[in-house]
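Two complexes follow with chain A in common, the first pairing it with chain B and the second with chain C.
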Partner chain A sequence: MSQQKKHRILMVSDFFYPNFGGVENHIYYLSQCLIKLGHKVVVMTHAYKNRSGVRYMTCGLKVYYVPWKPFLMQNTLPTFYGTLPIVRTILIREKITLVHGHQAFSTLCHEALMHARTMGYKVVFTDHSLYGFADVGSIHMNKVLQFTLADVTQAICVSHTSKENTVLRSGLPPEKVFVIPNAVDTAMFKPAPERLSSHEIVIVVISRLVYRKGADLLVEVIPEVCSLHPNVRFIIGGDGPKRVRLEEMREKHSLQDRVDMLGAVPHAKVQSVLITGHIFLNSSLTEAFCIAILEAASCGLLTVSTRVGGVPEVLPDEMVVLAEPDPNDMVLAITKAIDLLPQIDPLVMHKRMKKLYSWHDVAKRTEIVYDRALRCSNQNLLERLPRYLTCGAWAGKLFCLVMIIDFLFWRFLQLWKPDREIEVVPDIHLMTKNEDTWDSSADESLN
Partner chain B sequence: MESRLSNNTSKTDHKWRKVAYGGMQPGFDDNHTDESFLEDMIMNANVVKRDLVKVVLDSISISQYLCIVALVVLVWAYTLRSTFSEGSLVLLDVILLGAGFFIVLLTSETISLNLLLNYFLKISFFITGLYVLSPIYHTLTRSISSDSIWALTASLIVLHLFLHSYSFSAIKAPGTLESLTFTSNISLNASIVASLLIASRLPSRLHVFAIMLFSLQVFLFAPLVSYCMRKYSFRLHVCFSLVLMSVTLFFVYRLHQLLFILLSSILIFVNLVCPYWLIRIQEYKFEINGPWDEAKLCFNITE
Partner chain C sequence: MVDPEMEPSTITKGIYTYVHDVSQGPPESIDVHHIIVSRSRAGGIIFCAYAILFALICLLILLLLQRCKAKPFGMLIISNIFNWWNMMNDCQLLIQDKSVAVVLWGFTLAGFLLRQSRRKLVMKESVIILPAFGVQLETFYMRHFFGLVQVSGRTVRHFVPIDKILKPVLNECVTPVTCYWSLSLIIREQEQLLLVFKELYPPISMLVPIWKALCASINEEYAD
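Take a look at the complex of A and B:
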């Protein structure tokens, strides 16, 4: 490992701390592990409220919060060329060798990857979500993805289902798409110190209460389970538009003493909620990977989940009970899980999860993808344009035009402000060897 | 998992599994792709095979309504040329009203005296209101030049035809649950404004009343009548439409040859070219479903 060339990676996404979610988590942990492997990692995202400029996080992870206002769901306004100057400056200042973009609906990621390709950098893209092919929104999204991925050096998906989806959406050859799953910080998600009593069985649900997460399924399933099993109690963490429906259901079936609604649970408290339960229930209608299941399994909970998207690949069969997204089937699955419960030892489960998933493993596998991306041959603009032309009769020509203008703009910037005039930042090594846990909130401004 | 570690040397023994857990599978790269790739993809699961004859027959209801509108425009044209007197217009109104009632009564399953009386009362209110308001309509657009009126009317009629809901009637037929959509409302209003504009160019109040009543009868009730007829018997609907088409073409031919060519080419386009086109582009239909699709709930959400 040590004689290998160390990479200097720029992670780009609209989604990063202080926002919370699967993508944010993934970028953070992946960056931390890559730093531990000796690479240099810089993150670029847009400004969050007054968090703008350069900040440092644990282990000297440098984050550029570009002062670019989000306009919808934490996405920046697509401007095509507006971000080129700042992307170019960051790439040169940090002596970046490889750009890694995350999430298909991050506009900042698409723009940065486009500029990086124009400037001749190797780019890697990670897709974290699934998309259908039928509705108007997906069709447009898929076209944008096709544009970005037409010239991406390597792509990463979080599950095999996600890989199939990405290959279909973008037309990439499957050999260029790697499957590297998410992982879980098992040190943070430890099971309860002593086993819970089995007189009362607690089922935990932690998710945003929205349609896509199957909140409507919960409304049907919970009363049914409560009437079948008098010793079952539910704890529901999360908030969202469907919360009212769940509360209505609780009133209607007089389950106030058996269904606890906690409201939104901050990520730091998720573990303490999880360890109060025996069974974790996931009712998502679509899911590329589902980190929530990993966190629950790491806390030693038996998982009951809908069989959607990449969920069946996430856990070995003996750690999860899968059901079709249908209330009757889910009630059956919960019953099966309750019967299985005496054989489950949370501590054994936790130890097994430690073997199955680790961010260090993810980082090592991502490193292989980086190595491979850097081995790919360099291509000039004329060699790359035909790839865009194949994207569609009209779209292909439009994409080519966009790339040519980007190229000209880049050349203009080079004349206006030559590369040598951009100051290069010195590297600071803040990394300490014995750290094994991370505290994501421990960042400090050095700006 | 343990056995995997023990015989790490003979990598070929391991079968690649489509799972995400357990780290990198020994002997296989992360971009490994085998025959199980895309095995759960389903193509064209919900594609309906369409039959040319059925599509042509279905498209007849569009051309039927086109002909009805063309006939209304014809009546307007003849009235503006003073070919029709106000007396004959009123007679036409009465005949149309009677015929419409007759068809609706004949084709509907539930006839009660109460409902009939109700209809009758409403229509008499409607007619009285129209009669009282006709002096206002008569002078409504006096300050506007005739050219603007023709242009506006023509564009409103085109808008009406464009937004009209051809599959349902604009008024709720007895016993149906369809509700009005926004576009069909716009369409109906466009037609009413168009007839108002035309009526305001006429010489006398009785003319205005008669032409307004005629246009409103057709625009409001023709879709209802044709809907009832189609529900009663499809054969009758087709026959009636064919007769209506030939009558319309005949009268349009007598009015203006260019208009005749235009109308007949539109009818051919709607009835023959479009169905053929639809069938032809069916083969380009390509639907992909698979495990990445959002699951559909099998029950209704009652908010």
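Take a look at the complex of A and C:
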């Protein structure tokens, strides 16, 4: 039986460590599990403050912090062709075989995928969010997504709802889109060693306090729940522009002793906050997947969530109580959850989550997508251009022009600095506990 | 035992040539590593040619834009394909309109002259390892007249005592447009790394033997 071919993957996104979030965690955990499967993974992102250059993370995950400063909401300035030289250099020096871009809102991702296709690499795109269709921002974002996905080899979405949304926005054929849900690090998110007492019910909310995460709903729900259930207490972790509204609500209803506002909670401390509660409340107005409720379920909390986006696909029915994004419905759902609490065993819940969600499983499924992408045929520029024409009457022609100029620029770079002048980086193998001597393969490849 | 008349070893790659020279002299052998740049004078001429090509392209675009005002774009292309005589006439008209032509050519020429005059031409950079004493970093510049006439110019030398060097390291540097390897010294009680080659970007195959030699000399120092 032939050995499965190992890939050399370049993950590209504007969203990576040292920032914390769903996309950042996804890239990090997926990269770690792919490295454990024997693949080589390199991450490319923009510089963060003075974090610029090459860094190595756990298991030798190499990260290029390219000194393109973010200009708006963590995204690098879109220059169309400005990133071509550095992307080309990284692809050649790391001997990359496949480029994997993350998040539709990342300009670096879109540019890198465009340049990678120009240079003939296979590309995979993962969409992590849901977007609308009607507002000006969404219309422009969807057009950009159409352009990028017109020529993508394969795409991944984190839920079936997200797949439907991506297919409608981009016009991508559904057979090209795979659904691979996110996972949770169950080793990190464990329940409390001792079960909490039930005479006081603690409801935990941990999210960014912004409109999109339903902070306005919380303002309506919390006073109502506190008046209906005198033994209920809230713990709110997170920060954002809506924090002021929550604090005003707390003052107005004199709930200072029943609503604790913790402020921004570092990701490493999230588990310690979750295990102080019985119920996790998620009031998001839109979610493609929602890793937060996975983390809460892994810690043994019963989840109450709005029925939006991909949330209904995430947890089994006995672990979640869903409600419409309406204050009255949410209050009813919280009441139902309080009644269900005696039936919940946090340890059983944690073990179930361990079986259902695993980053190793996500990595194996992603590996299948990579294999499928690499089996696709190579196509030259003339064969690829007609795909862009389908993007619109004027947009199609404009996209074709953009790709032609990108191609010419790439050819110019090949003349200016041929591929053979870009030195290949040797693979450095980390020492394991069993090895007493330094691995000499690095020296050999340098020589 | 090192042969005092040992032939220096060389590696050539692109415009860089690496020469390793081990000379025997009191009290011990001195390890010298040179990175020499060989620049062809054709470089200036090629740049000139690209500048002229760029100016011609600007001229053509300006010509097309001027004619665009009178005709729709599609008709313009068709009429120009079959009407080269009109285009020649327009070129003459444009050249006659001296202000536009002068601005275009002036910018191109000024850019070229500015670039040539401000270029610091490095002839060679050397690393001299004096065992048990220190490391001397030398940079030899060329004096030039717009890249055409080149003579030997100033030399900048920097000596680093051996006890100040904590470790030599090979770094990957990332710029907005490229990545390259560099050899640096970690100096005790200093936050900044000291670049061994300040002006040149030699390939990794040339940096590795120098790095190994530096590591060996520092390890010998602390092995005693």
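Note that in this section the second predicted complex is superposed on the first by the 428 of 447 C-alpha atoms of A that agree within 3 Å, B and C clash if a C-alpha of one lies under 4 Å from a C-alpha of the other, contacts with A are read in each partner's own complex, and residues count from 1 in each chain.
Definition applied: a contact is a pair of C-beta atoms (placed from the backbone, for glycine too) under 8 Å apart; a residue touches a chain by one contact, two chains touch by 3 or more.
Model, not experiment: these values are computed from the prediction.
S.K.: Who does A:R93 touch here: chain B (first), chain C (second), both, or neither?
M.R.: After superposition on chain A, A:R93 lies in contact with chain C alone.
S.K.: Is A:P85 contacted by the first partner chain B, the second partner chain C, both or neither?
M.R.: It touches chain C, and chain B stays clear.
S.K.: In the superposed arrangement, does A:V425 touch chain B (first), chain C (second), both or neither?
M.R.: It touches chain C, and chain B stays clear.
S.K.: With the two complexes superposed on chain A, say which partner A:E313 touches: chain B (first), chain C (second), both, or neither.
M.R.: first
S.K.: Should A:D216 be classified as contacting the first partner (chain B), the second (chain C), both, or neither?
M.R.: First partner only.
S.K.: After superposition on the shared chain, which partner residues are touched by A:P181: those of chain B (first), chain C (second), both, or neither?
M.R.: A:P181: touches chain B, not chain C.
S.K.: So, does A:T161 touch the first partner chain B, the second partner chain C, both, or neither?
M.R.: After superposition on chain A, A:T161 lies in contact with chain B alone.
S.K.: Please indicate which partner A:G53 is in contact with in the superposed arrangement: first for chain B, second for chain C, both, or neither.
M.R.: second
S.K.: Between chain B and chain C, which one contacts more residues of chain A in the superposed model?
M.R.: B
S.K.: Quick check on my understanding: which residues of chain A belong to both its chain B contact set and its chain C contact set?
M.R.: Shared contact residues on chain A (touching chain B in one complex, chain C in the other): none at all.
S.K.: Across the complex, what residues on chain A touch chain B?
M.R.: 130-134, 158-165, 167-168, 174-181, 212, 214, 216-217, 220, 245, 285-286, 288-289, 306, 308-310, 313-316, 325-327, 355-358, 361, 365, 368-369
S.K.: Quick one: which bits of chain C touch chain A in the complex? Just the residue numbers, please.
M.R.: 14, 171-179, 181, 203-205, 208
S.K.: Can you name the residues of chain B that touch chain A in the complex?
M.R.: Within the complex, chain B touches chain A at residues 1, 18-24, 29-31, 33, 37-38, 40-41, 287-288, 290-295, 297-299, 301, 303.
S.K.: Note which residues of chain A are touching chain C in the complex, please.
M.R.: 52-54, 64-68, 82, 85-86, 89-90, 93, 421, 423, 425, 446-447
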